[in-house]
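What follows is a set of structures to go through.
Below, chain A partners chain B and then partners chain C, in two separate complexes.
Now for the complex of A and B:
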């Protein structure tokens, strides 16, 4: 037997056995196990495909079958780890039910959610996992995964799921393609001609493959930047001021060095947030922008040109992206921060008591941030020592989320 | 609202970011090879891929030029796959690329794909190239996001 096929089959058998072992874990809710079932079926199919490969097939067919199966392992092994870590007690399980409720109000009642404490500092979401349709997988950094003040960052990650569900890549794709070609041929032609002298203007205008291989990078950057901007705006729509505060807590002032090409640079990202805050009537402190440090632009000339082209195109999309978020919010039952409700929750927290009725997750998180930033909180409560303030506030927030969820459930069964 | 993107195989088009596409294209290559060698007559993956190709290109009955329904990244990946399968000297025109893709799609959905062995071998090579091109594209995107500064 061809040893390459044999290795490939054994690798897939090994991961299928691992999935069976993972199913024995104690998951606090059912969706991780559902995901394991789906992935088990996918690898069963992968195994069946490998069984069909004849050792007499051309090398190209054998290599493709085997390398595709290796690729699946690179893709899915981290996801299996993610699913396992969703059972870790480091997660704040109190937040799961309210977040699932919010997720389903946005993405539909059959959506499945897995939240995991991850050993990567940046919150993230796994998406486009074809074999997990209807699943949203959100990872939060382990040191903060039990911190309810940072739940608003999940709003950005939910934005990615909405972007995909609404097929915005296709919706904005043509606009971005046209924008890139226009930017190259109208505004940046001399720079492109100098860097790529073999490609003439008509190659771009006629949509030739030779030009496409150049501008597709700028297109990819612009599309990803547009998605990230959308997600920031979406997170802010879900959690209002609490989103900006959590965003600042997580990354301000930023990390020195070259920016990511897949995001707007930090300066622009914050400016777009400010622009959206106006449209969403979210209050922003005057000093907010000054708390973030500008990042370096790429030095390498081709990347620099392609990124700056993408920047111009994604920046022009911001008004449209704000409109999309507003439209989505209008078409769903998405709670909006209500100042009066936030005040009520704050009043309870001020007396060191959690909520005693149902409040939206948005109001509870905004109340939490409001209290967190109040230097006078519990000044007259000697039993709450200064060093315990943060922990007590977080416990009150988590308990309030649980109480609100209990009220929601009892309302549903009545 | 439906959370999943198009899941009806009859309407699904090619998408460079479809995680299932490399496996489907690879399986189609295996099935074509088995057809060519008379080892089996399994056509499911071949038909699914043919449907995706057909759903990605608009063919006008009035004789208007073919129109891509793919996003730019998918069109680029498809172009890469067609060029790899065709070898040196392949055309650089989108119209020719779409015509070639339609030709491959027609071969893949033929009632008797084995009646033209040369075309079927070409379709197999295309499936191999498509699987590789999609994975290469996924890698090119993930390589833009380094996971850790000191991770090697």
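Now for the complex of A and C:
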């Protein structure tokens, strides 16, 4: 027996056994189990391939089959961990059903959603999982995964799924490429000439390969920044003021040190949010920007120049990104925060009562934030002690989401 | 004081004290209460349950001083039971 094939077969057998064990977890919803089924079948196919490889086959055949199976393990073991953590009781399971409804209204009725608590502080989404088509996997930071006040951040992650589904990288790609070349040749030529004297202006204007090797980094940064800006705007469209509150809670005043080149710097990110808030009629106080500090820009001269070029291009795209979000919202049935509804929910919370009828997740989350920021909340309710205020409010929000879901299901049955 | 179905219905829909109302939520069949003639309301339990981790503690004495009682996280396991799913609490 060829030891390489033997190892590969045993590795796949081990992961299949692990998937069977994972299926015994207490998943409150079906989609994590559906994902396990699909991954189990994929590894079953892998095993069948490995079984067919003869130990006498050429080394290249053995290596190809075995390295493919190793690659699958590297890709899917973290995903399996994510799926397992989706069953952890630290998750706010009450948020699942309303978020699934929202996700399906945006991405289509067959979309499957898995929400998990992750041991990474930044919320994120797993995208482009070849063997889990139609799945959206959103990870929220474990210490806050039971906190409904931060659910609006899932809106940003859904934005990434929309960006991919709508193929906006291609749609905005040409615009960004043109923007980068224009920025270099019209506004930054002296700086580029000084740093890259061997590349002439016509190389850029003719889209020469020599010039491309230089500006492609700026293009990549600008494209990623545009995606992040889009996701911020999309999250704000879904959750209005609550998105801004959650964003501030999670990250203000910002992380010390050098900024990420794949995001607009914090100062600009917040300014874009303010600009989008105006277009989306989301209320934001003038002091919002002052709660975030400026990040350090890259010191290395080439990176600094490329990033600043990308910054200029992605900033110019903001109006188009806002329009795109508004178009998406118009073409789907996406609930919008309704002040009157928010006030109704607030009035109930003020009496320590969860909602008694169906409200949208957006209205409940905004009411939650409104109460959270109200210093007078429950001032006359001696039974809610100051130290329990946050916990009681979160319980009210979660119960309200559950109540709304009960009404939705009741309506669907009728 | 025992309230009849009609009284419960009235308290739920137009409470005597608007600042301290009787609330049952979700109330999916309000008319059913009014017409039931019963002096009670059947309610559904919530979705969260705690069960003892029996292998972690031999005896649980409710008269122990609060400081001596192990934390809820140590004593119990949380379960989330979605709508429509059965949960067997005791065997």
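The working rule: the second predicted complex is superposed on the first by the 357 of 414 C-alpha atoms of A that agree within 3 Å, B and C clash if a C-alpha of one lies under 4 Å from a C-alpha of the other, contacts with A are read in each partner's own complex, and residues count from 1 in each chain.
One rule holds for everything that comes next: a contact is a pair of C-beta atoms (placed from the backbone, for glycine too) under 8 Å apart; a residue touches a chain by one contact, two chains touch by 3 or more.
Nothing here was measured: the structure is a model prediction, and the numbers come from that model.
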| item | value |
| --- | --- |
| Chain B versus chain C as contact partner of A:187, first or second or both or neither | neither |
| Of chain B and chain C, the chain that contacts the larger number of chain A residues | B |
| Touched partner set for A:388, first chain B, second chain C, both or neither | neither |
| Which of chain B and chain C A:283 touches, first, second, both or neither | neither |
| Contacts of A:405 with chain B and chain C, given as first, second, both or neither | second |
| Touching partner for A:107 - first (chain B), second (chain C), both, neither | first |
| First (chain B), second (chain C), both or neither touched by A:173 | first |
| Residues of chain A at both interfaces, chain B in one complex, chain C in the other | none |
| Touch list for chain C against partner chain A, complex | 19-21, 23, 25-28, 46-47, 78-83, 85 |
| Residues on chain A engaged by chain B in the complex (per definition of touch) | 45-46, 49, 52-54, 56-58, 60-61, 64-65, 67-68, 71-72, 75, 107-108, 110-111, 120, 128-131, 133-134, 161, 164-167, 169-170, 173, 177, 207-210, 212-213, 216, 219-220, 260-262 |
| Contact set on chain A toward chain C in their complex | 26, 28-29, 89, 93-94, 351, 353-356, 399, 402-403, 405-407, 409-410 |
| Residues on chain B engaged by chain A in the complex (per definition of touch) | 1-5, 7, 17-20, 22-23, 25-27, 29-31, 33-34, 37, 39-40, 42, 71-73, 75-76, 79, 83, 91-94, 97, 124-125, 127-128, 131-132, 135, 138, 141, 144-145, 147 |
